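Okay, so chain A shows up in both of these, paired with chain B first and chain C after.
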Partner chain A sequence: MAVSHDLRTFKNAAWLGWQMEANWTDPFVFATYSIVKPVAGSLILVFMYLVITGGETQTPFFSYMFIGNAFYMFVAEVLFGVTWVIHDDREHYMTLKQVYIAPIKFYIYVFGRAAIKIAITTVGVLVTLAFGVIWLGVEIDLGAVDWMVFIPALLVGLLTMLIMGLALGGVTFLTAKHGMGINEGIAGVFYVLSGVIFPITVLPEWAQSISYLLPVTYWMEALRRGLSPDLMTSLSGATGLSDFSNLEILLTLALSAVAFLFISSAIFRYADKTARRKGKIDWTTSY
Partner chain B sequence: MSDTWLITNLRAIRGRAYPRVIGSKREPSWLFFDITLPLLTVSAYAYIYKYMDAPPEFVGFVILGGAMTAFWLNILWAMASQLYWEKEIGNLQLYLIAPISRMSILAGMAVGGLFMTAIRAAATMIIGILLFGIALSFAQPGMIILVFMVTMVSLYGMGMMFASLYLLLGREAYHLSNLLTEPVYLASGLYFPVRALGFWAAAGASIIPMTLGLDALRQLFYPSSGSEYGFLPVNTELAILAVLCVVFLWLSKYSLAYMEKLGKTTGRLTLRWQ
Partner chain C sequence: MQSAVEVKGLTRVFEPKKKKEGKSVTALNKVDLRIESGELFGLLGPNGAGKTTLLKILSTLLLPTAGKAFVAGFDVEKDFTEVRKRINMVSGGEISGYGLLTVKENLWMFTQFYGMKSSVAKQRIDELLTQFGLADKKDEKVRTLSTGQRQKMNVIRGFVTDPEIIFLDEPTLGLDVNASRVIRDFIVDWVQAKENRTVLLTTHYMMEADQLCDRIAIIDDGRILACDTPENLKKLVKMNRTLKLDVTSLKDTSKFGSIAGVEQFTFQDDAEKNQTYLKFILTHDSAVTDIISEVQRKGARILSLQKTEPTLEDVFIKMVGKGFE
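Let's look at the complex of A and B:
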């Protein structure tokens, strides 16, 4: 009974999220909007690469960079998506208090809203990867994909991002003016330190030590190993994680998900309690 | 044009610029985020160039581009979207009934925004230079200042024009600003020389003042790179930017008057939550 109630909450929240994301325009404009932004982001890297190499894209590093950048969309969008639900509902639509007092689990509502972000981002990631494979020679062979690595890595990584997003959502409860900055800052740290677009071995040693503590480092490595095993074999030793077997990478990722589950739940519960006590659930700051 | 009219409008400019100037020190944490967030992207791109053994000036190109992103984001979120947000919170009608030129409001927004953003961009640039140890040439300081000023006037002129165009939009404003981020970074060559796009694509992108302004600044800071990576000669780029200044300022005045008239006719000028 409780499960079906939660599923209904999730489904309705996802439907609401879809309407808010997409009903401001017609489907064609929305599809274009959803595709142009990520492809343009990837093309920045492509041109950076081309201007140095003089047009050569058939190299392992190019594929490494392109694949990492495509999957990083999940990091940015999921973290931002969860936080934005709280900010948008409270500050803009001023409906957070109604949602809050409804007989539903609030975090199920948040996850439902975020799920639609993941769905839209998935389309962006797929289009970007397809663009890379077809036009730029990015090394992905569907016949060679190691699905036993790729699928668990994708799911566990997304779950980790959702869990981290929940903690950031809690922070947003307490601060209207800094939530977005903290959010973008954390996503930015992942971009620099997690081997998203370049191997962590190029970083100074002190920065590499931080990289090994970040779950996104293992997530990106696992996704690339699953999606393009030959590519990662040819880069072996250069990524800084060659000592880890596939199983060890997945286990590290799973452990970080569990660790962040405890940390994020604690942060969210604390923020929730404090926000209620300080009357911040229906707080508006015109920010 | 009487003295009173001029003084009143200068006061309006000062009044509208004031919250942005004073606001820049009211929220020190914003200052922190505004400086460090572009630095993160800049660092990531700088490390890519380092990994590829690119010529050292490319790290400088990235830092200059990263500093310029602050101005573009200010144009999108604090100029273009501003009148729409003022409408949402109910300030727009107050501006419209005030006995001042509407252009004074836009000019005040631009002056305040430029001041606020220049501090952040300068900090990003200085930290980036120190962090990556890059060397810039200051052989032509006068030209650097001139190019920067002309770029900013034309860029903020474009922002003033966008501000009135955005009044036509409802929730699309947020999405349009989002859409104009990465594609404009790409088209303007913020992180690579715009010449790499090819002549006609770079020429088309030159409608965005940042494109030519940044290219000219890169050529001035790295004089030896101009022939290899510069798009057009600096003087030509400066002349085009000067034309863009006039065009965008005129278009902003025209479009503001048009949108105000349209808004009054359709009754949407004070309509919220569309």
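Let's look at the complex of A and C:
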């Protein structure tokens, strides 16, 4: 009974999320937007790379950067997605209190809303990667993909992002719009320190120490190893994680997911109770 | 029999963000209250009296600073999951809703969060939309609705899940006469239609409280000043009479309050009409002569005079020491 109610909550939250994401325009405009947005976002970085390297794209580092940047969309969208649900429901639609007092597990509602973000972002990531492979020569050979690494890495990584998003969602209970700044800061830390667009070996040692503590570092490495094993072999020694086997990378990622599950649940529960104590659940700031 | 709501020594203090920024505010001060199952209970008080704070605590949106609150026998602090299965809440003036969804979709989604069967939910939504005169709007996007229509939709959202206990925070606030009447009639019918349905209603409107409620609590400054049936509350000022006078503009009203036989005195100036409205609660009819003499002594002219029996408003003024204005 409880499980079916949770599933129903998830399904309806996901449906609501889909309406929010896709229902603002007609399907053709939405489809076009879904394709153009991620590609345009990646092109900014591509042009920067071309300017710096003098137009060279046929290098392992270009593919390294392009793949990392494509998958980083998940980090940004999921972390922002989860927290935006709370902010938007509270400040814009003013429905947070109504959803909050409903007999549901609130985090399941949030995960349902975020699931649609993940689905839409998945399309964006696929479009970006396809664009990179077809037009820019990004090194991905579907025949060479190590699915046994890629699929678990993708799923565990997404789960980790959702779990981390939950903690940030808790923080959003206690903050107004400036809570988004916290998310941007955290997403920025991941972007710089997790080997998203450049290997962590280029960072100073103290920064590398932080990189090794971030789950996104292992996630990006595992995704690249799964998706383009040859590329990562050619970069062996340069990424800073060459000593880890594929299994060790996946296990580290899984362990970080478990660790963050405990940390994020504790933060969310604490923030939830604090928000009730301080009267912030139905707080509108007119930001 | 299980009380629908039981509140014991409930206190809620709001601390300022920074201690330098001001004093703490005691919104509820050791409130004791018991609402029986099946009651339509009113909470009457001016702005800032603590009405909404009490409703927020009972609906699990806010934690108390001290004391205990139970809804359907469950502690709102510890057993909030059980409380939420049995309640719903509607706030007046509420224009919330997912603007991209239609009215029907908005309502349907909430029924699903409350575990209602889809077919039952759809039928109930249609019934309520018809009752509230919104049937022709069911497929309209919420963003296209007027403020009043959005409010009605929110009232429907509260009732569509068929809660055991519903908290209504000024549900007719800002609505036109017809819409208010529809909602008031619906509330009365709803509570009577099934045993053990309970309504806790806060309102500014004396007439609304008088007309709807089985019992009323008058609250001010976070304290319950009186709690009884409207009839019994009026008996508290049974011995008194009310005198209302409209006079030409009076500059000095300082003496009226001290006239023998005057228990309460309030007044309101209308600069536009150049008139002053005086209202007295009298313990002795003999005060009427002295009041009229005082009006004449101040050089004002009496435009109208009305002597009435006590109303709920008079009870409120007696308890709180001031009107809503």
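The working rule: the second predicted complex is superposed on the first by the 286 of 287 C-alpha atoms of A that agree within 3 Å, B and C clash if a C-alpha of one lies under 4 Å from a C-alpha of the other, contacts with A are read in each partner's own complex, and residues count from 1 in each chain.
FYI, a contact is a pair of C-beta atoms (placed from the backbone, for glycine too) under 8 Å apart; a residue touches a chain by one contact, two chains touch by 3 or more.
In this text, all values refer to a predicted model and were calculated from it rather than measured experimentally.
Comparing chain B with chain C, more residues of chain A are touched by B. Contact with neither chain B nor chain C is seen for A:G55 once the two complexes are overlaid on the shared chain. By the touch criterion stated above, A:G143 is placed in contact with neither chain B nor chain C. After overlaying the two complexes on the shared chain, residue contacts for A:N12 are found with chain C alone; chain B is out of touch. In the superposition on chain A, contact is made by A:G279 with chain C only, not with chain B.
Judged by the touch definition given at the top, the superposed model places A:V99 against chain C, while chain B stays out of reach.
Contact with neither chain B nor chain C is seen for A:P27 once the two complexes are overlaid on the shared chain. Chain A residues 24 lie at the interface with chain B in one structure and with chain C in the other.
If you check the complex, the residues on chain B that touch chain A are 27, 29-30, 32-33, 36-37, 40-41, 43-45, 47-52, 54, 58, 89, 170-172, 175, 178-179, 181-183, 185-186, 189-193, 196-197.
Residue ranges on chain A touching chain B, taken from their complex, read 24-25, 33, 36-38, 40-41, 43-45, 47-53, 61, 65, 177-178, 181-182, 184-185, 188-189, 191-192, 196-199, 202-203, 286.
Of all the residues in chain C, the ones that touch chain A in their complex are 14, 56, 59-63, 81, 84-85, 87-89, 94-101, 105, 109-110, 112-115, 157.
Chain A contributes residues 5, 8-9, 12, 15-16, 19-20, 23-24, 93-95, 97-104, 109, 273, 276-277, 279, 281-282 to its touches with chain C in the complex.
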